[in-house]
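Have a look at this one before I ask anything.
Here the chain labels run A, B and C in written order, and each chain numbers its own residues starting at 1.
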Amino acid sequence: MKISPQEVERLAKLAWLKLDPEEVKRYSQELSSILDYVETLNQLDTSQVSPTYHVVPQKSHLRKDEIGRSLSQEEFLSMVPAHEEGAVKVPKIIDIE
Amino acid sequence: MNYETIIGLEVHAQLRTQSKIFCRCATEFHASENQNVCPVCMGLPGSLPVLNEKAVAFALKMAVATHCQIQPTSIFSRKNYFYPDLPKGYQISQYDKPLATAGVVEIVLENTSKKIRLHRIHMEEDAGKNVHGERYSYVNYNRAGIPLVEIVSEPDLRNAQEAAEYLRTLRSILRYLDISDGNMEEGSFRCDVNISLRPERSDRFGTKVEIKNINSFRFVENAILYEMERQRMCLEEGKRIVQETRLWDEHEGKTFSMRQKEEAHDYRYFPEPDLMPLEISAEWVSQIRSTLPEFEQVKKQRFMTQYQLTNYDAKLLVQEKSLADYFEQTVHRGGDPKLVCNWILSEVLREFEVSKVACSSLTPGHLAELICLIQKGTISGKIAKDVFEKILKQGKMPSQIVREEGLEQISDAAQLEKVIEFVVSEQGDLVKQYREGQKNKFSFLVGQIMKKTQGKANPKIVSELLKNKLEREDT
Amino acid sequence: MEPFHLTIFESQALLKKKSLSAKELTESVLKRIEATQPKLNTFITLCEESALCCAKEVDEKRARGEALSPLAGIPISLKDIFLTRGMKTTCSSRILSDFIPPYDATVVDRLKKNDVVLVGKANMDEFAMGSSNENSYFGPVKNPWDLERTPGGSSGGSAVSVSAGQCLGSFGTDTGGSVRLPAALCSVVGLKPTYGRISRYGVIAFASSLDQVGPLGKTVQDVALLLEAVAGYDSFDSTSHPIPVPSYQTALKKDLKGLTMGIPDEYFREGIDPEVLKAVHTAIDQLQKLGAKRVKISLPHSSYAIPVYYLICTAEASSNLARYDGVQYGFRATASTLAEMYLKTRGEGFGREVKRRIMLGTFVLSSGYYDAYYKKASQVRTLIQKDFTEAFKQCDVIVTPASPTTAFKLGEKTENPLEMYLTDIFTTSVNLAGLPALVLPCGFDQKQLPIGLQLIGPHFKEERLFQMGHAYESATDWHTRKPSL
């Protein structure tokens, strides 16, 4: 599977990573060779195999509906890069899709 | 050409749990900015979700109440996208294995009913709330992580009225189950509309448009009506409908295009590794089934037969479960059903909002006693209204108020005869005019008697006695 | 002998007898750090003051005759992936280079309750992505056995801190071999417990379905002590398992009679350094002499483990690392639009390998490729897991080399990601199957570089690995050798 520079740019946009042209070129090559390598999986017929997502099966944990300690506003805001009157501040949200 | 409108709705309802879906923060989002946040709902590094049992139970109630098939195993997935109100960069939702599928909701329109099929019901977490300024946006995460159920209908709705009634019915079920506020204005009940047109008698669906940002029942109808017309004009001009998301602008009364839909998105769903599959036992489902309340339509029918109420009255009483319960509790304490109904629909609802009656200072005990006092003839209906005001002000029981203020109705004939005697002699002219045929003077005389007794005289007995007196002495 | 050379078990006895104080032990370790940190670059953050303060408290408690945990007063290090309240936690990334967490990881919380003395946060590969500890925003860690070589990764700082006497034990994380590979390359003991055995709460996620916390120590016994202190169910981690934690120390006393070793053919084929092969064979012979039986087994899907691993771990990582966007915490690049802020924060905040994996993971999950890559990998994961289930019908423990080679030179594989990925060839399948695996020293090559032996057990059978590892250790002296620094 070849990952073209255009495809790298599409992925970088999905993942919101700013890449310089040199990086685009390099990732295009590296991802292509990694995907070539994983092609080996296609030797296996897995049509009858169910996928594993949780490797050690167990019951689902359910938590009682009880209120616990939250962070104080001060504790939270101390981590936030920019805030105003208790709210987290970001450059204006316009269509970022 | 005539077109048929095809509508499907996606409804998001916040569940009224104490704590958020995956963490122990309070769900009370009127708190000050970013007050109910913790490592989990803020997506801090290393934090992990733990599912709230109550949220599952609530979602299950909705699924059972809408006759869904409950999936014994459902899976949480991650929906990956970036937005400042989404702390983790993904929303934990359910994707290919939702909690419940294939349900049905019956809506009633002018006494005909229609079954609207549900495609699925699943659980997910809410995002934070953004406020936009001139150059910056401001995010409050108190809402992030509040549990939501998403209820997706099949495209079974055909017009704006049906859509509105469907929404009203969903809201009623949620409120009857006491699992959601269902408040559209405050955003605890939100609705996206999928709408398309097709030529009548066609069996293929047209291109659908999604309308978002609709925050009242009325706006849903308006948005649909607008969009039906927009699409019809588009088609008649031979244009193609673009699959897109449009926003409803109530101010302009228009929908406008937000962005191209879905294809541009790539949510990269995959099973959430931090949560085990959710197993729902048959016992849990049957336990929930056994606790379901009687819903609006069934209750209405019962009220009509059991209490001999009119369709109109019963419909008003059952609009909220709490109001219907209030009615029945008052009746069980001895109030005559019809009288209780009238009092609730007039006096009580004049004082309180429909949803606030049950938690008001006026208990069914108060109302029942008041109505019993009327029934027994202890007080007149008119005095009862004064007593009602006093209950609201003082919180005392009606009988106490009546006793303390000496408001008992005077039904004793001998006592009333004296007053009548007095009035008749005082109002000699009127009596004369009455006897000469001006029968309308009668009610004036009754009024005078009532006045003399500060309204306490039993009006029925007064008019009997007065009539007797006037006619007797006439002969 | 300098106290920093002691094992936990040895120092415990001295502390109990009061012939050594926790303060003396900690001072010895801190001095050792001061002398060796510039050469090794083991630590990202040191906390000498709080360490001494904590040690003093332990001494006071002991003086008052309070009941103390076996780990009380023991200096340890933590991979800088564990959240420590009020203390910088970077994950070796620029994006978290100034991040001060408001809460403790469950592991940290449990260690504090055991009165452990934390000396510092150990260097690692950024977001635990790497096999050589060269992908760190704070520079590579050096192997104490040869300063020109890598210690292995990603928990390189943890392994080196134990090996170099900069602490008595450490905790790392193991997603595809990140505890075991550095343990093997630095001649210390490292355990990757069963998935779900130790809480992941407060441990920065790389690949959630594979990540597991693992202790590193100088001996099997020490590692067992460390595991016992932190293992067990945690209500904050839905994947932590409620199965009770046994007393591992009891298991150590058992001999190997009745135990069967499975030797998987697939792990002894081409591509392995002959010296490694020889050392591992010798170790197997030794175990046999100690009473274990040996059988040949087959794990037919072994060669698919690396591709499966890289598809799954990058997919999960691409999602786990989406939260680092500069909105609520961490590094935020200056920007005038939101899109620019996202792009620059993440573009500048992450290193090269992390970005590569995010890109690969994004691809693997993206529409149209999910089934062919992510789902396919998850299906083959099932086959790999079944191989082990079958194998454990024939044997109690599987014995393999831990790494195909001894420590390689810094920079040797950095330009070839695929070659670097193959370093994990013997370790990733264990994570894919969620199994416990112990790595312990079993020799040195001619360059005096350490060689590691890997013992793999069925789910939650850590005690069996300790039993076999301890028996082997008792009969050999590889673990007593120290690098000259």
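Please note the rule applied: a residue touches a chain if its C-beta (ideal position, glycine included) is under 8 Å from a C-beta of that chain, and two chains touch if they have at least 3 such contacts.
As the structure is a prediction and not an experimental result, all values here were calculated from the model.
Asks: From the centre of chain A, which other chain's Cα mean sits the farthest off?
Replies: Centre of mass proxy via C-alpha means gives B as farthest from chain A.
Asks: Looking at chain pairs B-C and A-B, which one is connected by more C-beta pairs in contact?
Replies: Counting C-beta pairs in contact, A-B comes out ahead.
Asks: Averaged over CA atoms, how far is the centre of chain A from the centre of chain C? Could you give it in whole Å?
Replies: Distance between chain centres, rounded to whole Å: 24 Å.
Asks: Which whole number of Å gives the spacing of the CA centres of chain B and chain C?
Replies: So the centre of chain B lies 56 Å away from the centre of chain C.
Asks: Let me have the rounded angstrom distance from the C-alpha centre of chain A over to the C-alpha centre of chain B, please.
Replies: Chain centres of chain A and chain B, defined by C-alpha means, are spaced 41 Å apart.
Asks: Among the residues of chain B, which ones contact at least 2 other chains?
Replies: In chain B, 39, 42, 50-51, 82, 84, 137, 139, 141, 266, 268, 273, 275-276 touch at least two other chains.
Asks: Which residues of chain C are in contact with two or more other chains?
Replies: In chain C, the residues touching two or more other chains are 99, 102, 209, 235, 238-239, 318, 322, 325, 327-329, 338, 342, 362, 366.
Asks: Listing for chain A: what residues touch at least two other chains?
Replies: Where chain A meets two or more other chains at a single residue, that happens at 14, 16, 53-54, 58, 60-61, 63, 71, 76, 88, 90-93, 96.
Asks: Where on chain C does chain A make contact in their complex?
Replies: 99-100, 102, 194-196, 209, 235, 238-239, 241-242, 301, 303-304, 307-308, 310-311, 318, 322, 325-332, 335-344, 346-348, 350, 355-356, 358-360, 362-363, 366, 373, 375-383, 385, 417-418, 421, 432-434, 459
Asks: Write out the stretch or stretches of chain B touching chain A in their complex.
Replies: 17-19, 23-26, 32-39, 42, 50-56, 75, 82-84, 130-141, 258-259, 264-266, 268, 271, 273, 275-279
Asks: Tell me, which parts of chain A touch chain C in their complex?
Replies: My answer: residues 3, 7-8, 11-12, 14-19, 23, 27, 30-31, 33-35, 37-38, 40-42, 44, 46, 49-56, 58, 60-61, 63, 71, 75-76, 78-82, 88, 90-94, 96.
Asks: Across the complex, what residues on chain A touch chain B?
Replies: Residues of chain A touching chain B: 14, 16, 53-54, 57-71, 73, 76-77, 84-93, 95-97.
Asks: What does chain C use to touch chain B in their complex?
Replies: 82-83, 89, 91, 96, 99, 101-103, 105, 200-205, 207-209, 235-239, 315-316, 318-319, 321-325, 327-329, 338, 342, 362, 365-367, 370, 374
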